[in-house]
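Encoded as structure tokens, the structure appears first; notes follow it.
Which chain is which? They are A, B, C and D, in the order written, and residues in each are numbered from 1.
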């Protein structure tokens, strides 16, 4: 591997010169820019006979019992020694933005700080090195973690029970909707429709459709809330459930929630609440008091288990009494003797005999449970209440600090909850929400969520979370205002932002037109 | 803290504009450039009443027994919550270059990869959470680590014993020189002079002077070696010791080492060998076979304990039979029963009754011992031999790949050892070694050691170590050649390099003229 | 609170800026009935790191860690040695605290890693394209069945009896609601998988056949046979693998004709973790099936400066664009587990993976031979990788496992537990050995097993 | 070898480039007699991570970790709770694998951290300037004495008898060779330090007086008194502190007139580590002494673009510039320990440090009161912070400590051990309590101590 730079880009000249857009296009022979380092693909630096582990050489004449299916041909993998591997991934990591680096106000994603104690606890061998099928007598501590966490979730939501096994929010939605279907079928009442507001997250309609329901919209008011009257009008014997996000994706609390629930129940349907935004009300409001039948909780949002660049998450679902009997297996039950039992089969369990089945091979995201429980114990009931209050205060602070220059569609609907929503009105020179987001990247911030929810044109959803200091918010506001002013003034230079990131804007159309989804040796 | 940027620098304009030197001086309001983030000082973002720990409030009326010395006034410290602290240090860390990021060929410093297994082992509670004064029966494992490591060091060097307590190389040099002084005084033979070659590391003369010796130089040959004849001529009854670095700081092995030792011993003096460059010969050559009386080993070089931005290190000293009796306390001794004893007081130990005393409060750098022993066990005798061979091969590869365009003063002296030495001859436009080093920074490399050793004008000492791949060396060579060509061509732009680092060149003169060594509130 | 940066002064200033006199005013939309006066009852108040550490530490000590006993469990979750540097990599804040890479310019680290991961998985499975991960092997298995019904427009899935029963349960549970029809059978306790029986169940309405390789009894069947039979009927073959290390020793499902290959990736980098988070692997042999795949896909492209870069692509399959028409409802997947997997795989490389596989097989063979010498124990498998089934003559394997645990040995997984006490499987014990299994471990298991089986009383 | 990237192909190509036919040719300069044919004997060959982990793990388990028993040891090394995020910070590769910041443009992280560290230490100690760290408290103590002799041009150092005996030994050892004269005395076993006795020993030839604060018996003497006396004779006062947490509760040595303040920083962030690596702290009250300080100093400056930045400065004091005229021979210091210290201190802040100190003192008082109720035990100190001395009537404290250890309690440090069995101190036991000490720990110690003291036989 003699080429200094495998990133596909070749230096124009080894001396300083600048690119058309006025920035220096890296003048170095390596493509590196001091601490901003280019990194080739693993397959461009690794070798088939290089390894970062020291295992015995394979004995070619050793007898095997593989039924004659020995893998003879090359697999096509390459290896790196540890020094190369650590450097490869460290260099890659430096091309990423994370909460640890700065403000990450990605709306609806609750990018709060990930406490390091949680990481430490999750790595205790007593949790990390335990097999899911060990005899229950040898995993009582693990089952207690599940039980304690369940206790917290039930108390915080005021619900009747909780299904712990769902692997993420969408999986939790599915769990909730399947409980509803099971409950309806149990009473011989098959229904076909699930009502989902247009502002809902994509997983809501996808989930309902997956469970074989027809998805219909719910009209909303100009204030960004569910239109109660319109909803009532639509309710009928064909409606199985209503999926509502509260606080909703416009960052507003649904004041009619209780009335909605009553109406839905009256119509013989169930209320599914998308709990992704629970961070706004944790410790302040219990969904159980609002008539919710099922709600998933993203432990990786409200309870700070790390997002890890896309997961893993965990989506326990709290259930009303009406749905509890239909919860999936397995679940933990405390015996009279205090011994914790793991219920893996329906037959074994009369009272819960109506479980709709199993959603995953084992017991759910234990590694996330330990982190979330550690988080809860650290904050306590008082701390969690403070979490909601600070998250909401931070969001309102941003809303009121930007509404004068940015279009804030629901600014007059009263205070927002944990996120502030803006639109792209009045930008000059054909500039868009995307350009503004890219401008923020140069300023050292991760952009807010853009173009979601769909109900607002060029939506910008800013969720600061409670773990940000006022100093950070003030710096963000200053930068956001300056980029907005450039957008309003039609500053063309924004069209090419970001200028300083590891990469300029990437060609997504080309990527989709001729998908290249795996590396292949150009020499082959 | 409302100001967006406390780095002392203020943006010129929020729109793109460029600085005189043709680079863009960050056009952002924050001073950030995407992932290259500015970070204020702790004292600019912290508060006296903010804390990242949750401890009970101080009970002002609690009775104390502090003898009336309660600290009443403000201490002047500030705190950060955990989210702020993790971000503060993460952002700072990203302004650093480290081995994990790329090639770090700092001559004489042996910047090899730091295996992560070593970090994991050092953190085992059985090592990390043990008190130095626990009853010896409760620290047998820790004493075994000391003993095992001592065994490795003695075997690898072919020496008689090893003093484990020195805290770093310089401390080890002091240990060795004090052993020599003690040995001489024990035979009633006080001597005043220690001979140190001009090419020696600064710690050598500093150490000799500290031990109250007069330092005199040793002439060297044009080939970069000790001038044996001149040395012999200088030896006499006033010379206590000769300090030699082998391989020496020009990266060459001293072929006359054995003859030097014999001559020195003949003159009644001792041979101190600076073992900082042991990586070149570990497993290949035993200093004991060359007549060395004392040599420190930098565990943080040859045995890869992390440099940590300046330490900690560890500098055990191997000793010849003649010096062993004078080694410092404490030391570990295996009893007949296999029990390990910790000898803390001379009186207790007849045979070692001549110990010159104690160099540090406890037993040395245990945290480094566990890492170094893990490293040795991982490599084994065969791996360590390979370490030396690859380190030397890598250095020679660099020497021969650059000698055609860079002045290599000792290129004709035969193969180099683990480092390649160059000089600054023929640079144009008043460019210097420093400019070349700064040019390499833009290329994404940490520069080599510059202006050391003093015997070569504009010295550039390149030590690749064995943990670098050929691909990395090739990329470095390509970049080094291109920067060298610019230097030879007198490319003025190099004078202002680096362009892409977190900071441009820093004004060291100003720093020393009016030293600002602690933060003080500008408002005060 | 150590995690909350706002000071009371800040809160005051900020309330002023938003024009509220107290925090309560920001919650006006919450109906009276739902407002809580103070902190929720029956829950403790905030606690120091020290206190929480003590509490969690005590819970952890109530479990027997796999490392603290001779350990022979597998059945879908495998214990391997994970190099220390893997944890270093996944602990990098830039990976750990990043979100799904929606802003590619500042997420190239995650994206390039995923591109490398997809390539490794595709090659390991002998496929053309792999996705960026799903939740775990069991949900991946279901997603494969769902995809097969989309591709073939048929609704019938035939499950091999030797598919991990928990995987089968997940598939059957989901099918209940989607209306798909699942045909499955109990596994026959025999030395080799009942291929002909399985093939006989494939018909013209069959969308897919689902076969585990190696199967739940550790057996290695002839996938090629099943593939040919399935293809002959226009059905797809879905191969399920729960132990990726095995594919360092035996042919890849792709080579043998599997159309969709799914599996559990936990064995590399992730660890046991009491069952989660794990890593769902999903790959297709035929590139033309890509647009029917579930989950995220990372693809190569170029940036405005002409430099190579990576992005999430073909998102029109996904819920955030396609909503109710998406190929799956998955959003958050197993990103960090994928990083752990790819980092471990990178450290192994082709050479290390083959060595690791050989070592596992060697030790498993030694274990099987030793156990076969124990009176009352007989080895079922003719072929296996690092996991095999032994029959305990006249003894309930589940009871034996529990007694062994009391005696400090984690002896294996009783098939009866997985199949809910099905009589036929009662005496079957699934035993797994890996590179972490020492000769002493094997002797201890053999010795204890002999002692336990000798005890009539224990019966 | 997993740590060696060169392949045999690489080695061949590279040897060709350098014009050698085999690696041996690169070692031609090594004299025949010293060349080794093969790997060194009596040493094992390379081993896998797994094997090394087993070996090291076994050694670690042979030690009793402080966390595994009620623990009351101090005497210069203190056990405190270190927040988990401190390890996250020091594990960042950019900090862990960096060298001393010789290239400031790409070392601002280390440099700014050091500037913050120096500021924290200076303020904690009540001084103007602190350096970037030395090896540990004992070597810092010696460096202070050496500096005092340079500043005052006098050669006599007066050591308080209650200075940690290991620190005193280091000073005396070094003085043997530098020719400095050290006056020290055994510590008098009494409730309060013998101030007048110490003051009486100061004369016109005295370069410095060295006093530990709080002292080795845990007592808190009046530094101001000693400072005035020293200054009156033109000598400097060197204050030594081994427990930085104490300075969150008691006045700083600087406030009380100490000219040089040195100490051990291990208590914050670093941990016990069986005695090292630790963290030497060094500060001066008077800025005009800066140019006589040992060790590295980080200072503020600006870059060519006008931005604030940091550099190592005043290097003309140091060995790499000044060589035999340097103020010290130190090169590598305790950089990463300084980072751990500053990170922990930042998490504490003024508020947390005061709370931590109050908590330590509160628990120490409770421990002292409880132990004083044990028959045969009497409390020596009138004043103390988190460490105090108890006298065990007619019993050798060292024996008692060992018996307690056998009974699973780490009862404290016998002064007799530190002073090499000096009769006068034989019955003295130094007991330390911190925020980690629980009421149960205290009860256990009291109970066990009572039991042990009751046993005549044990005498």
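Just so we're on the same page, a contact is a pair of C-beta atoms (placed from the backbone, for glycine too) under 8 Å apart; a residue touches a chain by one contact, two chains touch by 3 or more.
Predicted, not measured: the structure shown is a model, and the values here were computed from it.
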Message: Looking at B-C, B-D or A-D, which one is a repeat of the A-C interface (more than half the contact pairs shared)?
response: B-D
- request: Determine which of the two chain pairs, B-D or B-C, is joined by the larger number of C-beta pairs in contact.
  value: B-D
Message: Please tell me the distance, in whole Å, between the geometric centres of chain C and chain D computed from their C-alpha atoms.
response: 48
- line: Between chain B and chain D, the Cα-mean centres are separated in Å by 20
Separation of chain A from chain D, taking each centre as the mean of its C-alpha atoms, in whole Å: 45
Task: Would you pick out the residues of chain C that each touch at least 2 other chains?
output: 1-5, 7, 46-49, 83-85, 87-88, 91-93, 105-106, 347, 435
Multi-chain contact residues (two or more partners), chain A: 34-35, 47, 49-55, 80-84, 86, 90, 94-95, 97, 99-101, 113, 115-117, 119-120, 378, 441, 467-470, 498, 501-502
- request: Note which residues of chain B are touching chain A in the complex, please.
  value: 1-2, 4-5, 14-16, 18, 22-24, 26-30, 32-38, 45, 54, 81-84, 86-87, 90-91, 94-95, 97, 99-102, 112-113, 115-116, 378, 441-444, 467-471, 474-475, 478-479, 482, 485-486, 491, 493, 498-502
- prompt: Tell me, which parts of chain D touch chain C in their complex?
  reply: 2, 49-50, 81, 83-84, 88, 91-93, 347, 435-436
- prompt: Can you list the residues on chain C that touch chain B in the complex?
  reply: 1-5, 7, 46-49, 83-85, 87-88, 93, 105-106
Field: chain D partner contacts - residues on chain A that touch it in the complex
entry: 34-35, 47, 49-55, 80-84, 86, 90, 115-117, 119-120
